[in-house]
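Pasting a structure here, questions to come.
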């Protein structure tokens, strides 16, 4: 059937992208000036100790061997040892990934829910205040630097009215009891996730509103109305159903951007996640760590894209049935 | 009594800068089993009129007076729910401009027909499916394609599906808004022929909206020419095609070389359609009319009957127009 | 309603005729023009250079806070005085006088003491023949010469955090002369704080003197602890202070001259300029104004480069088709799948932080959208009659692409470029904010980076945080307005349905 | 047992003596060699310096070690509940010249540059006055610091005179001084500094110093540079000048590493490339000194030569400034060289206690992720902030006098032996205290010392290789005596017995110490412990990456106050 062919095609394509990213990853860090191991060498090291470290990080092999080793290892999620900690990068990423996922999912879910419902609501109320608000919020979201809003919120609620925590994912020491710990986590989540939602929902709402309006202006909606269908049915069955594909595209299409944005959000709120790890690694010139973090982020994006393709295929019959039909 | 009597219908769009008088005091009749063609340039209010009759107005559009009587009942006065249930599709159905887009791409074509039936008639789903299949068959589409999606159909087939859908509830009147614009010429004539056959067979009335006079010539009994939200000339097709009496109608008719055997140059009328936000005083056509004088600028002409066959024209200068004189020729 | 799908070849006057009727487009244009004006005339809009530091105290508030915020009512502005011979007031002159001299074109204050030969008693001569030089008995002797220069400082403000003074001096005198120099501040209450002092025998070559309230030795001299601040103690009340430079000479066979170069006295202001000062005392308004230059040029050039690349790739792919097209489109797909900001962070860190690098990097990851758009446009143009005709008449591919296709995709490309600018500006700001921008230039992102890193939060210096972000937002918004308007006019297909 | 008496430099004494109200090492502070007094130490990990400050000001942390930004100090001192301690440390910031290159091989030129550096101005404008101007080659808190070395104080006029006299006259055409050897204007020289992002003040300093040099017509420009690139260039001696800091220790052996000609190799630490036979001789005497007196004498003489030669121009030393919430905790012990809150200061760890009541949890800020709590691979100070509190040393240091205090070793003896006929080597004999137990109740014996030294040596653990490479063998005549045999003779071998010890029953099975993550693995027999087992006052309870480290009081600590 067409869909499985479609799926296979997307999979192969995703695989190619991953491979390119791996190669890219390998290349950029070997092309840089200076010797990466310089960072980890301590004044007390003897030449033997330095040589041992170089061997350990595999820097003495010829480039091609390094490359194949590197790609091979990456498939096994072996991203080498971090220069600064000399621990396996994958272990360090594993420790940070849950935090990133929590922040990301919270921001994502709330942005989606708020953005889309505001968008749909205002689409049905054209010309009202709410409508103008969404247009404004959408434009604002496009033009405003997210990190600036986050800084302002941080200053407002972390310093000026210090009611929210300014760093980390939990208090130290955390309160006793599961429920209190859970509340503590949420308390820490409010600023980073809330600011993400605040910055992003406008563009989602605007996009949803525009697609919804476009859908409502489509001839088939007029047809549906003309058919004497109830307004409710028209909205749900025809309009919403037909804006699903573009909204799914938007949702998944926005994922890479949100993943990228995580780097800044995590840096600003000292959120101990993969994005901050990448930033720290770059600042400390810990190349294996930066490579690992970047690889993970890129992989997440590829997976998101793949998921988008699949979901899109499911909601839009034109794709599900294959390449045929009117194109 | 005519099936549809439209009297003095006014529909304005409210915009930030004022009212757009898209339909302004329009009156016409459609007899049972007859077809009325509505012609005019883009933006003259043809489509607005169609959506006004079916009350499919956007939120800023509103009927500002007049009546639409269907079988003697003023459907303008019905409340929305009543109108939706009893009139739409049941009495009046519509074939939309650009049939490509009239079908929802994410639903199966059959379901879209079934949906219309179920919305109005108390029949079982299976029965509705059966009827939908019959309808598809009637418009010349294999009923087996019931479960396919719109994008799997060609343009002409989609249009036929749309026609089938319009017939789903045995309406009295079909409004066809540019039913063939997006199709190529071959398919166009096929679809038109299919429509004509069905109309004849089912004894349907039709209101055909198009800017293509040749389509009207092929299918309609009467014609109304609209200019800037008003009907400027109205009457029997043959009558008007032979002897257009309004300067605009004259220009329009003459711009279609293929109506008559003789070949004339294709030309468009000089000037632009007026801005409906602030239409010209007096006769709305006067800025483009070669015959316009002071009275045209001050007084709005009434649609008055001249000659026989209820041929109506709204022009001060109708006396000056001698039959058959081409005022647009240089 | 009905759509106007006709694409018109628009001349510049008609374009402008249509453009000027769009209020949002005009607002956008006006904003951009203001920015351009600011960028061009930056040096005229501010007295300082963005690299100038120590203009005021660290994180000084905007000067207009004094009339708006009660707690800043009496905050001190920067006081800086250059003290030459004409500025000093001689408040005491016993046995000496103030003159001036000019050395290398600089006016130099000279304190000249009359010779005061040491009068030695007979005993001292007879007793200490082989001894080292001895001072005579001072008692009752009128030999002490004092010259006191003072500079009045009318201080009407709250206590400052720091103050300081610098000058150079050298002494010309016979080996037996003994000279003492002292720098003092006298408060309105008449209390004297001795800030600095040295004493010399004989001549001394050029020496720098530096008084700074943060200096540990000064704190020690005043009997304060390491963590005490002398400035608020000394300038604790409002009124007329005096900076006093006191010189005394006790002996000398020849006239003793003390040369003092132009002295500088300064109190770094706790309010400064339109927007205050940063952690290094650099003017924030200046940074904002010069940041406009950088942001505008980075935005424009990155957008131009990315759109140029995208257009070229799009036209070539769309026109040539085949393997080239297939390959390039796959490249585009892959590049689109790479998260932009992380890769820019990494590449920025590795490849170095010059402005040019950043522009190229931003452009390198921003051309793909344009390439796709232009390619699809080219695909449809390729089938058009005039292209067929040109090909039939033997025109080369390059010729067709440049002469026939390029002009037809330009409207699309132009609007695309305008819309690309804000994202380039935002990307640069993000990178600078993360500390990956060019450290040598003042950009808005860098201002925010500094604000976050150097104390804007803990001092609640919102005036440091708000303006750069606002500047970015407004400029981006302006370009969005312009881009949408241009699109509306040139590419009606994109027009929003109404 | 020898006790070393350190004479603190006069200038420092003066400054510190007048710091009444501030707790410094000069003040008598009550401390006792028993503890710990608190039940728990929580170390919240806060990296962002603004967040650190606000956490302390809001009272989210009780101990704020290492205020690195002087402007923060101004804010902290406004808080009535804060008490700040200040101690000069082993930090040294310097400008290094490449003496292998023309024209920087000229002593006069380097001296002239030294003359234009206005340390006081730099310290006041960049550091709010809180750095210690330094011109010597060892930090003032080192016992080997020599104050009265020749100095090149700030005096641009003097610098000009020096240059003029040596023939570096100003070329009127270019405004640049002429090299007397070539007769041409001096070539352009650069000062490498870290970038503004990594070290804003260093980059700024590079600019200030370059401008000062330009003012006396020397063509010198600053060039901020990424750290690995810079280190690479330094290793290959491809530089004119650069600026960096060293964090040194209380031992003067760094002089040997930095200035002995044998260290002038690629990637060696003699970065200026100074090769001076007289200096070499003194440094060898220092490095292989048989006793403290000889070391002191050699160090003093070497510093005089270095001061004249100026291979570095030393600029300043950063003090340790730590802040405590005095409303909640007391008992912190300021200490020379380490400050009050550093892990090397055992005494604060033992003595800190609540102002009211007993026990309690002290929240001790950790400014960086400790990352690896593996004593073999832990490399940064932040790991040792945690690990350092889990272990005890054989010798500890007195916070006031900086003398050695017998700790786990109740006494020791330094003697010699003959590793090969005709060659002398050092033997250090340790006599251990009885009753010391590992945190899992296993007794601590001399076999643990033997195992640790052999493990570190056999695995070539880079961090310890310098300490153990000269060890020939370790003998354990009984459980409480360990004899460590070195292949050569040096007084410094006393301090090379290792800072921490590894429990044999955990480490003997560890194949690859590099990938071993002992803090993530539970202890094989005792519930609640990890494989990080020490014998110090605190037990590692939990390390929540990115959030905090929790240390609990060791209930069987041998120095608990009964």
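Letters are used for the chains, namely A, B, C and D, taken in the order the chains are written, and counting of residues starts over at 1 for each.
The rule is simple: contacts are C-beta pairs under 8 Å (C-beta built on N, C-alpha and C of every residue); 3 or more make two chains touch, one makes a residue touch a chain.
Given the structure is predicted, the values throughout are model-derived calculations rather than measurements.
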Chains touching both subunit C and subunit D: A
Chain nearest the global centroid, as defined over all protein CA atoms shown: A
Remotest chain, subunit D as reference, centres from CA atoms: B
Distance from subunit C to subunit A - Cα centre to Cα centre, in angstrom: 35
Inter-centroid spacing, subunit D versus subunit A (mean Cα positions, whole Å): 42
Centroid spacing, where centroids are CA-atom means, of subunit A and subunit B in whole angstrom: 51
Between subunit D and subunit B, distance of the C-alpha-averaged centres to the nearest whole Å: 91
Touching two or more other chains - residue numbers and ranges from subunit D: 54, 197, 226
Subunit A residues counted as touching two or more neighbouring chains: 158-159, 283, 285
Footprint of subunit A on subunit C - complex, ascending: 330, 333-334, 337-343, 345-347, 349-351, 422, 426, 429-430, 433-436, 445, 448, 451-452, 456-458, 460, 462, 465-466, 468-469, 472-474, 476-477, 480, 496-497
Complex contacts: residues of subunit A adjacent to subunit B: 126-127, 218-220, 222-230, 233, 237-238, 241-242, 244-245, 315-318, 321, 324-327
Subunit C - residues contacting subunit D, complex: 54, 58, 161, 164, 205-208, 210, 212, 214-216, 219-220, 223, 225-227, 229, 279-280, 349, 352-353, 435-436, 439, 452-455, 457-459
Subunit C contact footprint on subunit D (complex, rising order): 14-15, 18-22, 49-50, 53-54, 57, 69, 71-75, 77, 84, 86, 118, 120-121, 124-125, 128-130, 154-158, 195-197, 203-204, 224, 226
Contact footprint of subunit C on subunit A as seen in their complex: 13, 16-17, 20-21, 24, 28-29, 31-32, 139-140, 142-145, 147-149, 151-152, 154-155, 158-160, 210, 213-214, 217, 256-257, 259-261, 263-264, 267-268, 275, 278-279, 282-283, 285, 290, 293-294, 297-298, 301-302, 305
